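Look for chain A in each of the two complexes below; its partner is chain B in the first and chain C in the second.
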Partner chain A sequence: MPDGGAPVLDVTGLKTVFRTRGGEVHAVNTVDFHLNAGELLGVVGESGSGKSVTMMSLIGLLPTPPAEVRAGRVMFDGRDLLKTDDETLRDIRGGQIGFVFQDPMTSLNPVFTVGFQIMEPLRRHMGMGKRAARVRAAELLDLVGIPDATRRLGDFPHQFSGGMRQRVMIAIALACDPKVLIADEPTTALDVTIQAQILELMKELRTKLGMGVIWITHDLGVIAGIADRVMVMYGGQVVEQAPVRELFANPRHPYTRALLTTVPSVRGERVKRLTVIEGQPPILSQQPGWCPFRDRCPHRMEVCDRLNPQRYPVAAGHDAACFLVDPGLSEDYRPRPRPAPQPAPQPQPLQAQPQPRPIRQQPDPQPQPQPRPVQQQPDPQPQPQPQPGQKPQPQPVQQQPRPQSQPHPVQQQPQPQPKPQPQVRPTSVSHSFTIGGDDG
Partner chain B sequence: MLTYTIRRLVLAIPTLLFIALVIFLLLELAPGDPLANMPLTIPPEVRQQMREALGLGEPWYVRFVLWLYQFFVVEPSYWLDATFGTDLAAGQQRIISFQSRSPVFDTIAERLPQTLWVVGMSYIVGVLIALPIGIISAYRQYSWFDQIGTFVSMVGFSVPTFFTGVLLIVIFSVQLGWFPSIYDTTHRVNDLDSFLFQLRQMAMPVFVLALYNAAQISRYMRASMLDNLGQDYVRTARAKGMNEKVVVLQHVLRNSMIPVVTVIALGVPQVFGGAIITEQVFKVNGLGQLLILAIQGSDIPMVMTLTFIFAVLIVLFNLIADVLYGLLDPRIRYD
Partner chain C sequence: MADGGAPPKAPLVEVRGLKMHFPIRSGLLRRQTGAVKAVDGVDFDVIEGETLGLVGESGCGKSTCGRAVLRLYDITDGSIRVDGQEIGRAGQGRLRRMRPTMQMVFQDPQASLNPRMTVADIIREPLDEHTKMSRREKREKVLELMDAVGLNRRFAGRYPHAFSGGQRQRIGIARALALNPKFIVCDEPIAALDVSIQAQVVNLLEDLQEKFGLTYLFISHDLSMVRHIATRVAVMYLGRIVELAPREALYAEPLHPYTQALLSAVPEPDPLAEAGVKRIILKGDVPSPANPPKGCNFCTRCPRVMEICREVDPASQEVAPGRFVACHLYDGSPVPKVVAGPGPAPRSEPQPETTTTTAGETAAPNNEQRLIEPQQGERDR
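After this line comes the complex of A and B, so read on.
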């Protein structure tokens, strides 16, 4: 479905921080993604994984005192949204980027009529007069499937049911024919039948209007049914990104896999307890220099504590931020009988990262020579094997032209042991590690 | 809405009759003797005659019904007679003050203008100051403006008016000599100078009361705004690209005003009640002062009438507040 056109929205290195009394909370950590025209991008992740905050940061909807967008570039319509002035941003909000929020019961202003609230963006962005706006508002209500639209324009939100209110929200979001629609858990607060109706409506409207949609949810079922491409977020970063089928068929990040196993199945015996991912998502007081998922990951390795994995391409249009898929790591760490050493680059389909990959690494507290970019694969060097077991690490990488400062004293033993060992959990690591590893 | 209002008005009648009864009985039970101020040399039998002349010889229920009759029939007819030149009252007995021996309503009519000017003006000023302060304080929560506003309201709210009043007199009348410390009721405004004098003599009592009212209302306004600023619909309005002025002054304010309007409406009867203490401090001979003097002199008809008028106003403004609430909030429908 994605027509592969140029991205309408291209986000690079987005970083959002909340200043709270307890210090800073890094809610969004160097997120990169893009949205193609006409594409529906699903964004999944637990509560607190930074999905909503990411989307709100794009368009300056976060209240600025606590929140602060630290870095990044959000290209939309040839402009960097993070650098435009407020007035232009307001023109884009509601005009070219529409929003639908989670709770339809509270998202509409209770003291204004639904008609007034739909007409507002029309008059603001399209310069319509009252009468024209009214006609258009009725059309929009009709479009989202509200019967007797003209009469209902004069009704107040409390006279609509939840599903109807969400339809009104969608009508408001669509009012000015946006190029992008950001739907933040639009069906979470609705019951299942209404949810199905809204999903149906969105599918239909998307094809009708040809806009790009970002659909935030934590419901994988919804994603499977509606998305073209999926982006999984965890700890304020994108951990995996793939076309929807690919993601469900072949999840590569341990978190994605864990998420998929948590979905209860209707088939099969019922007695089994529901699968859960043990632990809580992290609240990050700094940009992590480690893998944010390490504490809950069954495959935790020593590298995971030292480095925050970048997103490695694993298949066409599919990438995952995990050392397990790092082509630089030994075959033995690969969880899958994926025989072929990771198909190298495939720069094409990865529109996701047109930029140099190692985006995430900057503030890494222990600057590490990067596990080289994928292209190096045919490297004669015996595959580095960063020796997960031992403290050491950066050995083979020295030839890397990245003279990153190397605070690691361990430098001395660069034994390029041919066979490292998958005993991932030996010595040298903290307790939390053992614990984390055990309950995996 | 209209049927609702009418129903409420009809229901108000038994309420008010009951209130009248309670006030009457309270005054009846209260210690004090209207003749206590009379010279001790008056012989007991004369005293008794005087007592009967005041109507105190009758049993309480007779006096109560008589008072009701005078209040609801005789006094309105006198008012109609005075306005339209009719002769409905036909010389019937009006409610007479024990102290001044003049009709209670005449005294009230004399005192009302001062109270309305001073206390009413202070209420209007207070509201007009409080609303913007509340809005800005909430919108810029924890800014220096908000901090100062909070501090001043706390001071205004917690320091009693008899203290601020006297403090202002000490500073502005005694030390600086800018404003008169006594409100001159006999002053007539007929040119610019006399108008300026009127302003000057009103300045201090109005300021004292306005500070107190504004402190209260601005807190309500701020709390209500804060409550609404965090609502989801505000985010929706911003997501629609509305500018901050529209978001705050239209979407948020309209919602925030709902509880505040109620508070403001419920405060209006107090204006008529007069600010008893402040009127004393600045010697404004308004209704508050009248009430205090009447209580001190056991002037039962005067106290009874004034208190009952306040009760009527309170019931009435409660109704007005409810109707306004229904008008402002579409979720509330009375029928």
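After this line comes the complex of A and C, so read on.
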């Protein structure tokens, strides 16, 4: 449950690069996020969006020759994980941060018994004796719902089925009462009925143990059922972040919207034809100075080629990295507010959304200066209207702006296009009006 | 809506009593000591122009079934008629002559394309094997096919590694189309692809079906995608088809307890609706197909298991027009109320008759059913 407490894990400006023979691949580009205590953060994205690499970078699990964490800060338990030495990191991994990997077939060691593998972290991190560890291991197996736990400690991984093996993996990850559990596609390799079992188990365990969980998946259905908050990744960046119901009711980034409509459902209405996101996900051979989604985006604008959008707040706890929601940009860019399909349970002013960007409404006295540079200094101008809610501040979510945003102010001054409404229309508006139609 | 409205056409493919057992050999002499009954007595028809979805969990035999239907295996027993010709026992020569009518799209586009052949070579290979076209004709045909599946003609000289997963799958589809087949088995064609690419490939398959009048057997574990593409759906469990029904009927009101559990287990990509989903959580795992349980294959996990289920294997019966179920719950009474209404029929219990498990606590400790039902969420996307 989101109890709003201090974040247990706070990541800022994380950047990871792979050096390959074909050049560098910028897998993670300036990713900022945090995980609150006891919260389940869902991370959604396609393969190559950088979701796994982000999590592996946090705890130094990437092999360093090809991979390199270039920048960032990962605050956990009062220290920066990227700066800690290997020995301490080893204590934290498996101790205070547990990990569950995608494939239960390959992540268990086939030549050791399951009992041995559960006892390993207990003895290593908790300093337990053999006997005590054995008792605790049996408890853990029991906790994750494996019947006849004590006897099964002596079994080898191949004697368990896929779902059971994933339970064993979860037991290992939970062994030392971690504060944070990182689960990387834990149910992807499993069948739906087994997946349902594991999801139930996770919900149960979370209420019982109260740890923070990061759940990586590409399955929006899983996220909808289990997460408190969702972070959508694309092209190595966080493109949108919101509480789960808010995200599904009111997605703001074109990618999120598209993603939500491409997935057919087994219930509800059947669509005649699936919505398609044309094109391929990008391979980032350089730090993108443009929006990574631009090639597939139905609302591509001229700015999208020039700048990489930062994350603009759009509602309480909800932000999206898209110029469409940039409060500094003209009204015309903005998609029509989506008729929220369900009354979102959030008390926040979803409906209030459209108005809080009044900045442009008045025939602005000073043409340029406000929009972007605002981020840097607490500006005076754009406040004129009494805005409901907290959104209008165009600051980026995280304090420090991503490096690409440095150029923004610079380009801003001369930049003529995005602001004067009249010119804007012909170029982009035609697209932007399809938005509402697409998903309605 | 393809089902219901279309007049009943002749089946293009008729499968009766199909069995595919793989021998288990052991000991010094490698004598056969058992068999993995991957497909164990399956009957179905695929009607011309339709898409029959074949769903089930891993290991239930759906892929084996698809391959067996194309006679990529020497089947253990049963008959297969494709386009009026019996191929269940046909020899290789006759099969070869039949091949142009029936083709396959494989799951893993990476593994099913030869990395040393260019795209043009790959797509042309069936033409080399089965036709007497001239070089120029073949070249023209290859380019046409590339257009049809949405590949840029300029890429004809490239190798598979230069393409992304979705594009590779398009190459595989173009190859399957080369000989103008009538029937294509699509074996998990989208399982290896990303969500946003899956939709592209599914739409392509639908377009091609319309354009060339194809008939598909669409094998998948993705129930929501099958709901999208299939006309009728067959659900497999441990080598058997437990339920076969028109799509709307099956998804609105699944009859077999396994289908019910399977559908309820699919997570809903909408938090509000998700909260209202009644979920049946099955206990335990699928038994080994080498040693299936006595009686009904599903009796070890069935939440509504009865005594008879552990003794007698239920036969498939038609409980409503076009709806086949293999379950003792429907013995005797041809469920009258199952008229697949289009509306979101509440997932009611299909039969008020004796449902709760009464006997046999020993054999199955797994027979209680957990229903998680908060308020009914409505969705309307």
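Criterion: the second predicted complex is superposed on the first by the 330 of 440 C-alpha atoms of A that agree within 3 Å, B and C clash if a C-alpha of one lies under 4 Å from a C-alpha of the other, contacts with A are read in each partner's own complex, and residues count from 1 in each chain.
Quick note on the criterion: a residue touches a chain if its C-beta (ideal position, glycine included) is under 8 Å from a C-beta of that chain, and two chains touch if they have at least 3 such contacts.
Since the model is a prediction, treat every value here as computed from it, not as a measurement.
For the composite obtained by overlaying on chain A, chain B and chain C can both be accommodated side by side without a clash. Legend: residue contacts after superposition of the two complexes on their common chain; A:R21 is shown touching neither chain B nor chain C. With both complexes superposed, C is the one of chain B and chain C in contact with more chain A residues. Using the contact criterion defined above for the overlaid structures, shared-chain residue A:M169 touches chain B, although it does not reach chain C.
In the superposition on chain A, A:E278 contacts chain C only, with no contact to chain B.
When the shared chain is aligned, chain B comes close enough to touch A:D103, but chain C does not.
When both complexes are overlaid on chain A, the residue A:S161 reaches chain C alone and has no touch with chain B.
Look at A:R131: by the touch rule set out above, it reaches neither chain B nor chain C. Superposing the two structures on chain A brings chain B to within 8 Å of chain C, judged by their nearest Cα atoms.
Chain A residues in contact with chain B (one complex) as well as with chain C (other complex) do not exist. Against chain B, the residues of chain A that register as touching in their complex are 59, 61, 87, 90-95, 98-99, 101, 103, 106-113, 120-121, 124-125, 156, 158, 169, 172-173.
Contact residues of chain C toward chain A in the complex are 57-58, 164, 166, 194-200, 202-203, 206, 221, 223-225, 227-228, 251, 261-274, 277, 279, 281-283, 285-286, 344, 372, 378-381. Within the complex formed with chain C, the residues of chain A that make contact are 46-47, 161-164, 191-197, 199-200, 218-225, 244-245, 248-249, 258-260, 262-271, 273-278, 280-281, 341-342, 345.
Chain B meets chain A in the complex at residues 231-233, 235-243, 251, 254-255, 258, 328-331.
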